[in-house]
Amino acid sequence: MSLDADLTLRRGDLELRAGFAVAPGEVVALLGPNGAGKSTALQLLAGILPLDAGRVELDGVTLDDPAAGVHVRPRDRRVGMVVQDYLLFPKMSVLENVAFGLRSRGLPRDRARAEARDWLVRMGLDGYERRRPGELSGGQAQRVALARALIVEPRLLLLDEPLAALDAGTRPAVRAELRRHLGGYDGCTLVVTHDPLEAMVLGDRVVVLERGRVVQHGEPAEVARRPRTDYVARLVGLNLLTGTASGRTAQLPSGAVVALAHDATGPVHIAFPPVAVTLSPRRPDGSARNAWPLVIADLEAHGDLVRVTADGAVPVLADVTPLAVADLGLEPGGQVWASVKASEISVYPA
Amino acid sequence: MSRRTADLRVPAALLIPAALGVAILVLPMVGLIARAPWGDLPSILTSDEVLTALRLSLVTATVATGVALVCGVPIAWLLARTALPGRSVLRGLVTVPLVLPPVVGGVALLMVFGRRGLVGGWLYDTFGVSLPFTTEAVVLAQVFVAMPFLIVAVEGALRTADRRYEDVAATLGATSWTTFRRVTLPAVMPGVLAGAVLCWARALGEFGATVTFAGSFPGTTRTLPLEAYVAINAGDSDVAIVLSLLMIAVSVTILIGLRERWIGAA
Amino acid sequence: DDGDDAAAGAASTTAPADDAPSGTVTVLAAASLTESFETLSDQLRATYPDLEIVYSFGPSSGLVEQLLAGAPADVLATADTKTMDEAVAGGVVDGEPRIFARNTLALAVPAGNPGDVTGLADLANPDLRIAICEPQVPCGGAAQRLLDAAGVTAAPDTLTTDVKEAASLVALGEADAALIYLTDAAAEGDAVETIDVPESEQVVNDYPVAVLTDAPNPDGAWAVADAITGEPGRSILGEAGFLTP
Amino acid sequence: MSRRTADLRVPAALLIPAALGVAILVLPMVGLIARAPWGDLPSILTSDEVLTALRLSLVTATVATGVALVCGVPIAWLLARTALPGRSVLRGLVTVPLVLPPVVGGVALLMVFGRRGLVGGWLYDTFGVSLPFTTEAVVLAQVFVAMPFLIVAVEGALRTADRRYEDVAATLGATSWTTFRRVTLPAVMPGVLAGAVLCWARALGEFGATVTFAGSFPGTTRTLPLEAYVAINAGDSDVAIVLSLLMIAVSVTILIGLRERWIGAA
Amino acid sequence: MSLDADLTLRRGDLELRAGFAVAPGEVVALLGPNGAGKSTALQLLAGILPLDAGRVELDGVTLDDPAAGVHVRPRDRRVGMVVQDYLLFPKMSVLENVAFGLRSRGLPRDRARAEARDWLVRMGLDGYERRRPGELSGGQAQRVALARALIVEPRLLLLDEPLAALDAGTRPAVRAELRRHLGGYDGCTLVVTHDPLEAMVLGDRVVVLERGRVVQHGEPAEVARRPRTDYVARLVGLNLLTGTASGRTAQLPSGAVVALAHDATGPVHIAFPPVAVTLSPRRPDGSARNAWPLVIADLEAHGDLVRVTADGAVPVLADVTPLAVADLGLEPGGQVWASVKASEISVYPA
């Protein structure tokens, strides 16, 4: 089984034009900012929305091809879907909700219910069988929605932020359960998530969507190391600059110059982690060849560190200790110099 | 939510017109009750004709509502959920019996289902079956006048319901029939019940089309409203009032009983 | 009493005992005949124990409509000749319809006569609330003829489509005066008084009865039609306020 | 969603009864059309009486629907949203006019609003106002028979709607009136429209209560159904059929027109 | 302004019995597992659900007191609420949704709209004014819901997972906006969240709810350092054990003994971070006096490290490098020894 999708759709101000493939057994994490078109893409794949153009092929079978007039109905696609607001059937019990797919596929009531019960147990919802969806908490509802989609063993699994409402205690357990399930599953899976950790844990590959286009894709580690857009950089917690390299320096559009550790030419991305940034009150005279004067825009506590957002010719994020904040007297509007060692900077073609 | 804080203070902008409306609807009832010959009540109510007519009315109205549910809910679904060509014309046609004066409706029914009618003629020639003046004809007349109420009410409910649940059911492999039965129908149940109530009440009170299409034969086609008409024509308007009060009592009792149950269950 | 004797006598002349009609006879009858015909069938039961009469009462025009659509009935009795003529034209009537009763108009006022109505002339008083039948329906046509005969131009507030409506308006005191049939005035009992109108004798409305071509039970049909036009019909209708031809 | 994949394949379990239902509703219409005296049509339709009656019918039915909306929607809201004591009895009473044979309804109205009626007597003695035989009486009769349809349809819609939106509006400081007007009412609009359609159609076709309570005088109280009934009683069923077809044509045109607009806007 | 709440309610199997207070201007983060009763508590405070017993007092005014028959209607409470599924009014435009509260409070249409427009800009939703809620993505809808609640400057702000659907790019920005807003706000705020970082960033204080009871509360840092329940421990990423101390050792219910760095007596909590755990194939003979034989239950990649879940008399989580996983040949079901230095362990009374 494999998915091959080439989606074109115009809806409101969204112009979706995204192509991607999912190999059999592969889990692709779909990342992207709000309004990028992730949920829309899933709806297209599920067959709930019609394509304007393009093509969807699953396991060699064409599901959608508007040019040829092909459109397989949602119920004949064997896709499983968990939507952002769950949409549990309000008049059915939790058990009936989960059993629904199996019953629809003709399984006798008793067997469907028994299997649904198993799934509820796996989701940590033992004893909730007879509840109505209206009597569940947000996280409980999300787990029921997940069980309802997984139970039918769909050939294509579409998960729209399936873990967003789970509490910190349940989340790793359900994530592990999901990972275990997906590990032994030979269908194709697409998971939409805003949590980079989740993308890394669940995804064999990452596809990043922005404004309807695929802007980056690849192995999670590769994407995390070499972000290509600001959104991805923020997601993985890196500073990202774009410039034109020639030899050991690169020039940014703002005119600022960045010193590099290795030779490079042409348009490049320049990435470095916030912890690699040192802040000092005056121009540093150490070995760091990159030093830029900046104005502090924001400070935010962030675990043991404080994240400093600083603007200037080279806008950067820096992680410093609370002690440093106090020593340097950092506060929004204040002047500061930021320096980064060239060896901490990674450079790759844009 | 099962329980909630009830806000008992009601805005005057709603209360005043509501009170006016209730007055319009309820006062005439009071008038009827004031005028009713309470002394003769027991003898009138226990007479054979009245009991027969009552039974016939209840049976036909209930059967007609059943038929209307079976045929009308699918029609409402077609109107609300499919891209049927000519859908808006169909929607218009379906409301026709609402505006047709019932007597004319009866004439129209005769012209189609009468022994010399378009369909009735064929039925008679082929099977020797003749519809008019039978209890079936009463039911048909009631279905004709009452089903549109059900259809319109159910279509309204279908349009209010969230269609995304149906999308989810489809991705879970449900056929459109399963989706309809297990997802759509439960969601619009309050609308279906409201429609059924309207339909049943309208069928129970139906007079014009029945008297024309089915005639007024005791035991087979003379329902309570026809009995009331006969009484009026026999100069017995007291009996007519008693019969009307009987119909009101029966239907209000049944409706309150059923609704409390439904609402309790819902 | 008298009626019973008369019925028995009539039956013995019109229906020999050896082939007494039996089975069910279906009679379609104008609504205004309801009371009289119910009494009639009670009496006929004594004469023809095997004969069962089933009535369907309705507006005359509706009954004719039903017959034209193939209603399986034996006898038709309408409240005017016009509707009966339609039935004849439609070919559903066997033989000539016979007039079995006539109705005259009465000037009816609510009990106590609150409008102080004294005669037909008061119908022209615009301050009184007057109900008259719509000219196109039988009782309205009769009213028109009566008013013409009396030389009165009425000022009605409502033109009722059915004589019963006018009768109940008077009974409820909503109308100060109405021209309705004598039989309807009688049926309303104490709630309605009538005022003598000399011209009323000149305007009568005929009630015809006929046996139907496709009558499933022609023997019974003729027996019932005969009972209506002869005795005991005459006495019963007379008691209800009808004139007999 | 503005656009979606329409599933045109319709389950037979729905299609067959739907087809049957449509046949029951539409065939009589066909019968009427087949029987209509097409030659006389122009002269009948352009006669003064018919045009007057048509105007009167449209005006009264529309005014009656307006009154029913103003009074009926609040009643539905009271029934669906408040913990009013005696609510279920009120719900039963409100459906009474549905079962009451319209002629009896007319008599009941006379007993209350007539010159000697409970309320009407007081009106007459105090202000010299008398309702019967006026156009206002036609509207009142139509409100009486038609408003229950609106109430039941709207209550059904209110019960289907998600009440949590109203909670949110309350936390935002909205009075129950504001909540009703800006949150509840828009949400149940399809139900209100369905109810209004039923109500209007029922008012347009109303005959029995009108003829009894308001009388039948050309120009003031004789609406189209009364005109048709007169024709039938005069043995002129051809005219009655033409008038009915006129009513059907007018109402279907208006309903299709309005609904397309509403649905387009919704 | 200050909130004083004592909530008692029975609903389904939830027995809520929670008392807490929020000082004027204070932001309390409400944490707890799925189904703990967090959303229910907010509904009670908003006045949408009636209390069974207890009392709610805001700014000295009693809002609820069932015993005395007091119940102030939601609309008279001046609370602002963002619910888990947003509940944007579907027939109104985005702008009308945001302006609704101001309009309800009698502001003229134009001024309400102008202010709503400002709020949309602050939420990064410039240009979305005329959309219908059905045309928004999940994250966009959440931001609109937030703006709708904040604009009325309520005296009590109830936020139910207000940022859960936001993308990684928008989230810090909206969080910062929210923090800025809350900073200058003298009302009381309750934020329900599952994200410990969010709780730390937004909350002046943390209240942890479990099964309807308050199980822990205090400063975020204090709660993070000294968790009192398994849920909190998992949330802040610590191992938590409970035992009875006497002198420099503590005995666990399983019979295992933990060596402590300082004297302690009586029932105690024992906490240590996963990175402090060393795994070795055999009993270690180094200075670590705490060493327990365990069975590996699960391995999960987790940023640069791998999180190992190990079961035994002393169940622990350990964070190790991928290199260590390979060297030690760790896999589920395998035997391993875990050791922790007593100095890494923090002990505090249970």
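A, B, C, D and E label the chains in the order they appear, each numbered from 1.
As a working rule, a residue touches a chain if its C-beta (ideal position, glycine included) is under 8 Å from a C-beta of that chain, and two chains touch if they have at least 3 such contacts.
No experiment lies behind these values; they were computed from the predicted model shown.
Student: From chain C, count the fewest steps through touching chains until chain E is reached.
Tutor: Minimum number of steps from chain C to chain E: 2.
Student: With one step meaning two chains touch, work out the least steps from chain C to chain D.
Tutor: 1
Student: Most C-beta contact pairs, which chains?
Tutor: After counting contacts between each pair of chains, the winner is B-D.
Student: By mean C-alpha position, what chain is farthest away from chain E?
Tutor: C
Student: Taking the mean of the C-alpha atoms as each chain's centre, how many Å separate chain B from chain C?
Tutor: Each chain reduced to its C-alpha mean, chain B and chain C end up 34 Å apart.
Student: Take the average of all CA coordinates in chain A, do the same for chain D, and state the distance between these two points in whole angstrom.
Tutor: Distance between chain centres, rounded to whole Å: 55 Å.
Student: Considering chain A alone, which of its residues make contact with at least two other chains?
Tutor: Each of 47-48, 73-74, 135 in chain A touches at least two other chains.
Student: Counting only residues that touch at least 2 other chains, which ones in chain C make the list?
Tutor: 59, 62, 65, 168
Student: Quick one: which residues in chain B touch 2 or more of the other chains?
Tutor: Touching at least two other chains: 1-2, 4, 7, 9, 103, 107, 111, 117, 164, 167, 170, 175-176, 187, 229, 232, 237.
Student: Which residues of chain B touch chain C once you look at their complex with the stated criterion?
Tutor: Of all residues in chain B, those touching chain C are 103, 106-107, 110-111, 114-117, 120, 124, 130, 132-133, 211-213, 215-218, 221, 229-230, 232-235, 237.
Student: Hey, which residues of chain C end up touching chain B in the complex?
Tutor: Going through chain C, the ones touching chain B are 26, 28, 31-32, 34-35, 38, 54-59, 62, 65-66, 68-72, 164, 168, 171, 184, 186-189.
Student: Quick check on the complex: what are the chain C residues that touch chain D?
Tutor: 59-62, 64-65, 82-83, 86, 129, 131, 134, 136-138, 156-162, 165, 168-169, 172-174
Student: How about chain E: which of its residues touch chain D in the complex?
Tutor: 46-48, 73-75, 77-81, 83, 87, 89-92, 100-101, 103-105, 134-135, 148-149, 152
Student: For chain D, which residues count as touching chain E in their complex?
Tutor: Answer in residue numbers: 1-2, 162, 164-165, 167-176, 178, 182-183, 186-187, 189.
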